[in-house]
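Across the two complexes that follow, chain A remains constant while its partner is chain B and subsequently chain C.
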Partner chain A sequence: MLQYTLRRVLLMIPTLIVISIISFAIIQLPPGDFLTSYVATLRQQGEDVDTAQLVALEEQYGLNQPIYVQYWKWISGIVLHNDWGRSFEWQKPVGDLIWERIGLTMFISVLTILVSWLIAIPTAVYVATHQYSFLDYLMSFISFIGLGTPGFLVALVFLWVMLSTFGVNIGGLFSERFIDAPWSVERVFDMMGRIWLPILILALENTAAIIRTLRANLLDELNKPYVETARAKGVKENALIWKYPVRVALNPFFSTVGWTLAALVSGETLVAVVLNLQTSGPLLLRALTSQDMYLAGSFILLLSTLTVIGTLLSDILLAWADPRIRMEG
Partner chain B sequence: MSQQNPTHPRSVGRRAFLRLSAAVGGSVGLAACGGGTPAAPTAAPVAPAAPTAAPAPTTAAVVATPVPAATAVPATTSKFVEAPILADMVKNGKLPAVDQRLPKNPVVLDSIEGVGKHGGTIRRAFKGVSDRWGPTKLQNEGLTWYNPDLSIRANLAESWEVSPDAKQWIFKLREGTKWSDGSEFTTDDWKWWYENILLNKDITPALPGNWSTGTPRVAVKADFPDRYTAVFTFANPKPLFIYNVTRTGGGVDGDGPFVHAAFMKQFHASFVDKTKLEADAKAAKFDKWDLYFKDKNNWWTIGRPTIAPWSAKNALSEQLFTMERNPYFWQVDSTGNQLPYFDKVTHLLFDTPDVFNTRIIAGEVDYQARHVSVGDFTLLKEGEAKGNYTVLNWVSANHIAFQPNHTAKNPLIREFFQSRDVRLALSLAINRNEINDLAFNGTAVPRQYSPLKASPQYYEKLSNAYIDFDAAKANELLDKAGYAKKGADGIRLWKDGSGPVSFLIEGTAQAGSPDEDAVQTIVKYFADVGVKATYKAQERSLYTERYNANEVDSAFWGGDRTLLPIVAPWIFLGSMVDRPWAGAWGLFYNNEKDPNAEKPPEGHFITKIWDIQTKIDVEPDDAKRTALFNQILDIWAEELPMIGVLGELPAPVIVQKGFKGVKAGFPTDDTTEDENLLNTQTYFWEDPSKHGG
Partner chain C sequence: MATENVERVIDAKQGIAAELEDAGKSESIYVAPQWKLMWWKFRKHKVALISVFVLAGFYFAALFCEFVAPYDPEAFFTRYTLAPPTRIHFFDASGALRGPFVYGVTRTRDPVTLRPMFVEDPNVIEPIQFFVTGTPYKVWGIFDSNIHLFGIKAAQADQAFFILGADRLGRDLFSRIVYGSRISLSLGLVGVLLSLVFGIVLGGVSGYYGGLADNIIQRVIEFIRSIPAIPLWMALSAALPPDWPVVWTYFGITVILSLIGWTGLARVVRGRFLSLREEDFVLAARLVGSSEMRIILRHMVPSFLSYIIASLTLAIPGMILAETGLSFIGLGLRAPAISWGVLLQEAQNLRSVALAPWVLLPGAAVVLSILCFNFLGDGLRDAADPYSR
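Take a look at the complex of A and B:
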C-alpha cells in the first residue's frame, strides 16, 4: 500500500508539468492578449493610444516576450518563490486574490457536498430497497428534474420569484449593511440566513446524480448470492444492507471523489455568478474571458493539482473500501 | 466668470441647446463660474459676465453665480457651512475650520435643482477594478468642466489664457486650494509630475497624446513661473487642449499632473533607495519599480491625496468599494455650503446583468446609468414602484450603424462598397421606422451617424441624408451601379458574373439583444433589394484582431462620440478602426508602416476629410473650427461613408425617489463622462436621514 501510494505520488510530478504547459498554452490560444482589451477600453474612454505607446506597454508588461519565456517566468515564480504573478484585471497579486475567496468557497462547497450526501445516500438506499414503490417513483421524478435542470436556471427562477413576490433580493451572501462589516455574531447569522438557498440549489444536481447512480448499483448488488447468504445466516436486514451491498455500491462514488476536490474550488461557477456569491468560480470565469493570463493560468494549475491529488485519494479510498481492488499493475 | 482673456475660446458651442434647456424648464442652472475675488480688480464683474454664461436668458437653464453669493462668500467666512460629520471633527480639533480649508476663491456651483442638503450615501454597482471608469468618472475633477449647455467653465483652474496660435496655454490655479490631506495644491506638485513622471522614460516610455503634439510625439514644455501659474507650450498648435484638461489630471493609469509629490516620492527610484523599492515592487508581484509606481499613482490608492469630492476608503478590488468625502474639497454652493453633499459613495461588485437588474428592482441602486441597458427598459420601468426609483431617459450619443469596409480585402466587395450609388441604395433599403418599432419600442430616432441634436456641431443635413425608406429607388441605384443581373435565387450578381453579391457583417451584438434584432432586420432589408448579407457575432478580442488586420467585409458596431465630435472626430476620419468603414486607410492614418495599411487613392474624399482635419487641429477659433467641421459633415452627407440607422437612443438613468440634482433629457457620452455631466458633487438627498446620514 505504501509503495503504491509513493509510486502514484511520483507519477503526479510529470503529470502536473504537462498540465501546466498545456494550460498556459491554452490561455494563450485565443487571439490578442490582455493588452488588446486594455487598450480597447482605453480608446473607448477617449484616450488616444498610439503605436509607440502600445509597444511600450507590451514591453513594460513583458507581453512581447516569446511564450516559453513567459511560461518559464510564471512557473519558476510559482515553484521557486511561491509567486503566482499579478492579475492584470484586478491589479492585485494572484495569490491574494485566490486565497481571499478560497475560504468562503471551501465553506460553501463542503456544506453543499455534505448536504447532498446526507440527502442522497439514505434516499438512494431507501428507494433501492423499496423499488417501484410510490416514494421510489416520486424520488425518481424529482431527481430526474434535478438532473435535467441546470443549477443556474433554478437559481434564476428562485431569484425572480423571491423578488417579484416578496421584493427581496436573495443574491449575495450578506445583506447590504453586513457586506463590509467585520466578522461578528450578527454577520454570521446574517450569512446563515442567506446561505441555505445557494447550498440547496448547488446540492440539487449532485444529490440527484448520487441517488440515480447509487440506486442502480444497489439494485444490482441486492440480488447477488452474498446478500442471500448473509440473509440466510440471519443478519438483520438493516445491518446487512448497510454493511455489504451499500459499501460495494458506493464504489463509483469513491472513484469520483477525485473530481470533488477541484469542484470545491471552482464550484458551480454559473450558479455563483447568478447568485452573486463571492467565490472563486466567477473569478476564474472572468479571468478566462478577459485573458488575465496569470490569474487564469494559476487557477487552472491549482484545479488540476487538486484533481490529481483527488484522484489519488479516491484510489486509496477505493482500495480501502473494496478489498477486491488490487494494487499492482 | 473668472478673468477672461478676449482671445481664448471660452464659450464653446452654446447654441443648439435650447431644446434641452426647455426640458430643464426654468430651473436654476449651474453656477458656471468660480466667482470673483472682490479684492481683485481683474475679476470680471458678475453681471456683465452673465450674458456669456447664459446665451439664451429666456430659458434660464444656465445662469451665472448669484451675485450676493459670489461677492459675499470670501468676505464673511461665517457664510460657509460644512457637513455635520466635518463640523464634529472640527470641534474635536481633528480638522481646521472650514474657511481655512477652502481656497480664497472657491468654485461656486448649484445643482440644477437648487441648493441641497449635506449627508447620506449613494449606492452604485460596478464590475471590479477593470470597471474603474465608473467610480473614476463620478469623482473626477479637471482644470475645466462643462456647463449643462456644453460650454466650458473654469474649475480647478481659476482662469486661463491661450496664445493666438494655440500653442501656449496658461492656467491660473486658485490660491489656497488644498489636497485631501490638507497640504497646499500648487504647481510645485505639477513641476514634480512634469520632471519625474511625464519625462521619466521608465514610467512614461511613450508619451500620451494629451501631453504631446506631432508625429512622432513631442512632449509639452512646462514652465511654472509661480506657485499658482502653469505655462504649457506645445510644439504644434493644440486648440482643443481646453477640452483635454476637463478629464486628465485625476490620476487614472498615471495620466495627468495632479500628483501629490511628497506622497508619490515614496515610490520613485530617484527619491528613495532603489534596492528597497525594487524589493517592495517584487513583494507586490511587480517586475519593476515603475509598474509599482504607476499602480500607486492611481487615484484610488488608499492614502494618496486627491482633489476629488470623495476619496477611496478601501481597496477598489473589494466587493464593496467605498469613497468618503474630502474635507478639503474646494467647491461651495451659492449659499456657502461646502460640496459635496453626499458623505459616502459605494460601489458593489456584480458579474452579470441579471444580478445588477435584480438589485435595481430591489431598490439597491440609487443613481446609475453605467451598465443599465436600454434592452431592459421595460423590465426596469415595471419595477419602478417596487424599487422606489425612476428611470430617467438621457440621450445616448451612440448610433445603430452599419460600416461597409471601403478597403475590404475581397476586390469584388471593395468595388461594391466603394460605389456611392451602392451605399445610397443600402441606406434607402432600410426601413428605419420599422426597426425602431421592432427593436427599440419606437424610442430611437431614424438618422445617419451624425452629431446629436444637443451637440454644438449638430448638422441636420447629414442627420437626415437618405434616411427615408425607398426600396424602388434602392433597386434602381443598384441596377445603375452595374449590379442589375440577378441569379436564380433573386440575388444580384457581381459585375463579372462570378457569383452572387454576398458579404459578411461582423459585430459583437449577441443574440437576443435589441442591437442583434436590428442587424438581423437590416440583413433582411438588404436581401429584399437582392443583396446577400450574413451577420456573424464575434467574440470581442477576435473582432479586434480581425479589424486590426483589415479582415472584415463590413461591420455592425454602433457609432458614438457624437456629442462633441470636434473633440473626438475619429469615426468621421475613419481612423477609429473598430468602426472599420475605412479599414486599411484608417490604419494608414494611424501608422503608415502598419503591414495592413493602404494609402487612399489620390483625390478620394477621405483625403479631403483628412486635409480639413489638419486645419481643425490648428484652428484656435471656435466658430471657424465648427465651420470647418461642417465641411467634413458635408462630405459625409454626400458620400455616406457609413450607414447610420437609428440614433438619439434613450440612455436610461436609474434614480431613487428623493434623489435630487438630476433630470431627464441630458446627453450622455464618454467625452462628458456619461451620466456625470451635471457635477455629481451637487447631487443630494431630499431627506439625507433616510439614506444613512
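Take a look at the complex of A and C:
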C-alpha cells in the first residue's frame, strides 16, 4: 500500500510540471507582455512611468531574459516564495485574489459530488429493482433531459422563472450586505441559504449520468448466479441488494471520481458566470477578457493542480478499498 | 473461442428470427448481411428512429438556411424591438375558417408604464403561405432566388411575421436560429472528425502496439481528463485574436475543442484494438502474410467501424455544448457570426429575459439537437453489435 501510494505521488510530479508549463504558456499567449500592458494602463491614467521602476520590474520578472528563465522565475516564485505575480487589473498580488474563490469552487464541487451520489444511488437502486415501473420510466425521462441540458442553460431558466414568478434575483452566493464582509458565522449561514441552488443545478447532469449507468450495471449484476444463491440461502432482499450487487456496480464510479471532479469544476465555471457566484469562474473570465494574464494563469494552474490532487486522493482511497488495484499498479 | 462466437451468432440469429416470424421473414435472417442485421436492430429503437428524422430536418435547415428562414437574419427594425412571437390564427373575427393567417401588428406604448405593447389589428389579415416570394438571397453564393419555405406576402418593413419573436434589435429570432444552426451543427461534425483523426491514430497505436507507446498515450489521456476542460478552453479561445475573420475563429475553436475531445474516442479505439488483436481472423491474416497496414485497414477497422460511428455520434453533443458555452460567455464566436451560443448572449441580460423570454429559445434548439444526438447514439450503439441480446 505504502509502495503504491509512493509511486502514485512520484508519478504526479511530472503531471504537475506539465500543468505549470501549460499555465505559463497561457500567460504568454496574448501579444505583448505584462509590462507593456502595465505601462499602457499607467499612461492612459496620465501617470508618468519611471524608467528606473520599469527596469526594476523587468528585472524582477526577468522579462529581458530567455523564455525558460522567465518560466523558472515564475514557477520558483510560486513554489518557494508563494509569490503568484501581480494582477494589473486589480493592482494587487494575485495570491490575495484567488484563494477564497478557488476555495469556494472546490467546496461547491465536492459538495455537488456528494449531493449527486446521495440522490442518484438510492434512485438507481430503486429503478433497477423496479424495472419498467412508472417511476423507472419517469426517471429515465428526467435523466435524459438532465444529460441533454447544459448546466448554464438550466441556471438561466431558473433565474428567469424565479425573477418572473417571485420577483427575486437568485444570483450570487451572498446577500448584498455580506458580499464584501469578512468571513463570520452569519456570512456562512447566508451562503448556505443560497448555495443549494447552484449545487442542485450542477448535480443534475452528474446525477442523471450516474442513474443511467448504475441502473444498467445493476441490471447486469442482479441476474448473476451469486445473487440467486444468496437469495436461496435466505438473505433478506434489502440487505442482499445493498451488500453485494450495489457494491460491485458502484466500483466504476469511485474509480472515476477524479474525472467527475474535473468535469464539475469545469461545468461550475459557466454556471458561476450565469449565476454570478463569487467563485473562480467569473473572475477567470474577467481576467481572460482583460488579459490579466498572471491572474488567469494562476487560476488555470491551481484549478488543474487541485483536480489532479483530487484524482490522486481518490485513487489512493480506491486502492485502499480494493486490493486488486494495488497489485495491478 | 471461435466456435463459441459462431454459436453466439447463431443463437442471436435464431432469436431475431423468432421475432421476425410473423413478418414472414424468418428465413432471410440466416443469409442477411451484417448491415441488414444492424438496421433491423436499430429499427427497434423507436426514439432513435424519430431522432434521425428530427436531425435530418435540422441539417436540412442548416444546409438551406437562406431558403428555410423567412427573413434576412441581419435585417433590423427598431419598431419591432423585442416583439413577441406573432400569434397564428385560423378563424377570423367573424368565426369563419380562413386557414393559417396573422393579423397586422402595430406597436404602441402602455400609457401607464410606457412599456412598448404590440396590438393586433383585426382589419389587416396576412395569410401564411408556403413557397412565398420574399427577400432575395444567394444559396451557397451560387444560386439566386427569392423563394422562402414559408412566410407572408407583405414586406418585412411594413408587416412582419415573427414565428419565435424578435430580438433586441428587432431581428427575426427564427431566421437567426436557422442561420445559427449552420455554424453550431457543422462545428459539432467538424470537431468530432478532427478528434477522430487524433483518436484513431493515437488510440490505434496505443491498442495495436501496446507496451511503452500504450503506456505513454494512456498517461497523456489520463492527464488531459484530469484537468478541467472549460477553464482551459476559455484560456485558449481568449487567445484567439479578436480581429480574425469568422471562418478562422470557427476553425480555431474547432481545433481547441478537439485537442481535448480526442481522448474519449482514443479510449474506444484502443479498447476495440485490444480485443480484436487476439481474434483468430487477425492471426489468420498475419499467417498468410498480410502487411500490418492491410490487417488494420482491411480486417480490423471494418469490424469496429460501427462502434466508432456510435461513439462519434455520442461525442457530437459535447462539441455543440462547448461551442455554445464558450460563445455564450463571449470567448468563442462573436457577432457578426451567428451561432446558437452567440444568440444566447442576449439572454445574459436578465432584464431582456424578463421582458422577452423568447430570447432563451436558441437554448431550446441546443437541447433538442443534443437530445436527438444522444438518442441516435444510443440506438447506434445497440445496433453496432447486432448479435448481442
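Odds and ends about this structure:
Methods note: the second predicted complex is superposed on the first by the 242 of 329 C-alpha atoms of A that agree within 3 Å, B and C clash if a C-alpha of one lies under 4 Å from a C-alpha of the other, contacts with A are read in each partner's own complex, and residues count from 1 in each chain.
To be clear about the criterion, a residue touches a chain if its C-beta (ideal position, glycine included) is under 8 Å from a C-beta of that chain, and two chains touch if they have at least 3 such contacts.
Since the structure is predicted, the reported quantities are computational estimates derived from the model, not experimental observations.
Of the two partner chains placed by superposition, A:M192 touches none, neither chain B nor chain C. In the superposition on chain A, A:V273 makes contact with both chain B and chain C.
By the touch criterion defined above, A:A40 lies against chain B but remains apart from chain C after alignment on the C-alpha atoms of chain A. Judged by the touch definition given at the top, the superposed model places A:V265 against chain C, while chain B stays out of reach.
Of the two partner chains, chain B and chain C are each touched by A:P30.
In the superposed model, A:P150 makes contact with chain C only, not with chain B.
Of the two partner chains placed around the shared chain by superposition, chain C is the only one that A:L288 touches, whereas chain B remains out of contact.
Contact with chain B, but none with chain C, is seen for A:T51 once the two complexes are overlaid on the shared chain. By the document's definition of touching, of the two partners only chain B reaches A:V168; chain C does not. On chain A, the surface patch touched by chain B in one complex and by chain C in the other comprises residues 30, 156, 159-160, 163, 169, 171, 273-274, 285, 291.
By the touch criterion stated above, chain B contacts chain A in their complex at residues 123, 128-130, 133, 205-210, 216-217, 247, 253, 255, 284-288, 290-291, 295, 298, 314-320, 322, 348-352, 354-355, 358-359, 361-362, 364, 386, 539-542, 544-545, 561, 567-568, 576, 578, 590-591, 594, 670-671. Those residues of chain A that touch chain B in the shared complex are 30-32, 36-37, 40-53, 55-57, 59-62, 83-86, 89-95, 97, 156, 159-160, 163, 167-169, 171, 176, 179-180, 273-276, 278, 282, 285-286, 290-291. If you check the complex, the residues on chain C that touch chain A are 223, 225-232, 234-236, 238-239, 317, 321, 324-325, 328-331, 344, 347-348, 350, 353-354, 357, 360, 363, 366-367, 370-371, 374-375.
On chain A, the positions that touch chain C within their shared complex are 15, 18-19, 22, 26, 29-30, 144-145, 147-150, 152-153, 156-157, 159-160, 163-164, 169, 171, 258-259, 262-263, 265-267, 269-270, 273-274, 280, 284-285, 288-289, 291, 296-297, 299-300, 303-304, 307-308, 311.
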